[in-house]
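By letter and in written order, the chains are A, B, C and D; residue numbering begins at 1 in each of them.
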Amino acid sequence: MALDKTQIAQRIAQELQDGYYVNLGIGIPTLVANYIPEGMDVVLQSENGLLGIGPFPEKGKADPDLINAGKQTVTYLPGSAFFDSSFSFAMIRGGHIDLTVLGAFEVTENGDISSWKIPGKMVKGMGGAMDLVAAAKNIIVATTHVDRNGQPKLKKKCDLPLTGVNCVKKIVSDMAVVEVTDKGFKLLERAPGVSVEEIVAATGAPLIIDGEIPEMQF
Amino acid sequence: MALDKTQIAQRIAQELQDGYYVNLGIGIPTLVANYIPEGMDVVLQSENGLLGIGPFPEKGKADPDLINAGKQTVTYLPGSAFFDSSFSFAMIRGGHIDLTVLGAFEVTENGDISSWKIPGKMVKGMGGAMDLVAAAKNIIVATTHVDRNGQPKLKKKCDLPLTGVNCVKKIVSDMAVVEVTDKGFKLLERAPGVSVEEIVAATGAPLIIDGEIPEMQF
Amino acid sequence: MNKVVKNAEEAIADLQSNQTLMLGGFGLSGIPENCINAMVEKGIEGLTCISNNAGVDDFGLGLLLKKHQIKKMISSYVGENKEFERQMLSGELEVELNPQGTLAERIRAGGAGIPAFFVPAGYGTEVAEGKEVRVFDGKPHILERALTADFSIIKAWKGDKAGNLIFRHTANNFNQPMGMAGKITIAEVDELVEVGELDPNQIHLPGVFVQRIFQGVGYEKRIEFETTR
Amino acid sequence: MNKVVKNAEEAIADLQSNQTLMLGGFGLSGIPENCINAMVEKGIEGLTCISNNAGVDDFGLGLLLKKHQIKKMISSYVGENKEFERQMLSGELEVELNPQGTLAERIRAGGAGIPAFFVPAGYGTEVAEGKEVRVFDGKPHILERALTADFSIIKAWKGDKAGNLIFRHTANNFNQPMGMAGKITIAEVDELVEVGELDPNQIHLPGVFVQRIFQGVGYEKRIEFETTR
């Protein structure tokens, strides 16, 4: 059975390592924060100027001067630091963030990603996504495997305007964990109960399938 | 009679305006700080990271963490701010400093300046001088009119390696105040008791002399 | 040298139609509420506004949009504003979208006297169209130009009468770099203190960058998405 | 995640000959005394040192120079050091002189992922030799490249165990940008405190940039030109 959003976040959390500085995009990626393994030091960066995002505030304690990049009220943790936007992106562009997790409309077998614009329909802007994908060492996309119309989101070529090229390293979808290799998509894991055939059918580009594909472990 | 160093500094201080942010180079320029007119707000910038240089510390109060760009111990004033070197030069390069006063080996009639290197002899480096002359809105050179060998320092062309081109706006020497105009050097004022003829003789490029040249007033 | 003005009206008195402005803030956090309201009141038009976001329909820059005072926006994210979307799609409003980090760095560069610089962000996307591409260390980059403005209008937490500013939490965001990039920078602050009351090691933006300052009144500090545990 | 090391020896344990280092400080103010001494002790050679100055004959980087451990210096001002001058004039030491602001910005750019940028400083001088010149807004600029280093070795005032740093007065200088530009950044501090003791609004260099930190000992903090009233 395909994963729900929470499970996608849970699976991505397994990619975290002690000492990681991580930027989590809006949506499913934000949920990853809830599954940081106990005892592991992971510091969350918010590109509007905070290193060390804490949990959402208690009711009545929301501070308008303290929001995340999704404009949600947050808190900060001991050891946090605040800084301006140019410094924040110096941190991102300079490669000091270990991992970026973000959503996508489409991802290609060579790691291109479209995530910010649907011509004629959605014109919200790219925010910090282009900077993040151009600079982070490791970029994981959190997404459903197919779109609302059942069309593959993992493709040979993006149809929508690009956010970045050759940048996505891994995709964790509701159906599979897929690595972007020099030779294209490589299937690493299946969602529990989802078959390799189902994943192949739902993917818009060839999948390298090397031996037995294990189920994700939670 | 030609001015002494203190008088050169005094004359330059007359160029200050209320609200000016000023960077004073090493040597005579530093002395300008002693002649800021009473009641005038002038803020001194030190390119190693201080806006608002105060007087030298009292004996026994020198702080190794608080020096000026000449590496002398200083103090700071109420309203001062400290910052790093890249920010300091953002301030300078971005044109936020109103006036830079510095010494020179040579200045040319089109505003070129040499001040940092004597090939084969002196190789200390340019420090912040190249950044300052490339960016300040107004650059005044404080200098003797001739060098130790009696040779003019105001010339048609620099013989020594340049610090910057087309940048010096005014020269206050021990003999004269000279403006650098589109048409070359223009004599503005004479040191008390120094004749126009003496100044012309000591200058290595033509001087525009427009009417009666007044003596400097102190 | 007196930088202190009475209020927003006095601060923006010589601001004119068709000028280019930078306006600090991220979402509705750290926006110069007083000056925005005064600009709405003043009715100047044809403005080019450099601001990461465009407010919401009834607050922040949305107020200027509603009255058609803005000709062009240079931003990174303009969601959460229906009137904005309408004006953009209808062609009434010109919009230049920048990657957020590129926008922030263009502004910092404008204040720092760096006319152009290379960044990786946007390479291979429509952002790169018409821009010089150059490979450094095997990675393609695009050349981006600095931004400056006739006025930078920013919001800080504490400021002293010499213009030194301290920002609070994530309300800093674009305010600090924008404060460096305006020909004239106007700072409105929650609290205006005497010179000497701020620790010189804690100044985020030194007074040299700030030409006018005043203590704002009646801050609404609206929260866009109040999220609690 | 443990960033705290015991001392300078442990901090530089894997530093090797022929590597490129950035060393913070302006003159003798804010230099990483402990690490410099440990490097002298360790005897590594062939170093490329990026540092605004080169210390004095018997202190700071002068100690490494004296033992011929430095192959190349990238600096802006190297006066006040006779041995330096001798080695440079004799050709034993390679020296690249940069305008100070260009040096600082090249370092910041290295940390900020900006591979190259244009500045006016040095145009028309020998600094511009071999560099691309381009006119922006009527003014010629030269293209400068970013600097990075295998190790950045910096000195701060207070630091916490997460690597967050606060500098004091003009001892900040090159330490902050260099802290951003090292593949590994080592910070020695006057005072190492627990996580949470520093105000998050007052951090000059956030911990993400710092890989190793320790509280230094026996700081001499020599004054180059003690000047009093």
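We take it that contacts are C-beta pairs under 8 Å (C-beta built on N, C-alpha and C of every residue); 3 or more make two chains touch, one makes a residue touch a chain.
Computed from a predicted structure; not experimentally measured.
Any chain bridging chain A and chain C, meaning touching each of them, is among D; the list is complete. When every chain is reduced to the mean of its CA atoms, the largest separation from chain B belongs to A.
Chain geometry summary: the mean Cα position of chain A and that of chain D are 36 Å apart. Once the centre of each chain is set as its mean CA position, chain C and chain D turn out to be 33 Å apart. Remark: chain B and chain D have CA centroids separated by 28 Å (rounded to whole angstrom). Shared interface positions of chain A, defined as residues touching 2 or more other chains, are 76, 82-83, 89-90, 92-93, 135. Each of residues 105, 108, 112-114, 119-120, 167-169, 200-201 in chain C touches at least two other chains. Chain contact topology: the protein chains form a pattern that is neither a line, a ring, a star nor a complete graph.
Applying the touch definition to every pair of chains gives A-C, A-D, B-C, B-D, C-D. Those residues of chain C whose C-beta lies close enough to touch chain B in the complex are 1, 108, 110-114, 160-162, 164, 180-181, 195-196, 200-201, 203, 206-209. By the touch criterion stated above, chain B contacts chain D in their complex at residues 46-50, 55-68, 70-74, 76, 82-86, 88-90, 92-93, 112, 123-131, 134-135, 161-166. On the side of chain C, the complex with chain A involves touching residues 26-30, 52, 75-80, 85, 88-89, 95, 97, 99-102, 104-105, 107-108, 119-127, 157, 167-177, 204, 221-229. Every residue of chain A that touches chain D in the complex is listed here, in rising order: 18-19, 21, 41, 43, 45, 51-52, 76, 78-83, 89-97, 135. Note for the complex: chain C touches chain D at residues 105, 109, 112-120, 134, 136-137, 139, 141, 145, 166-169, 200-202.
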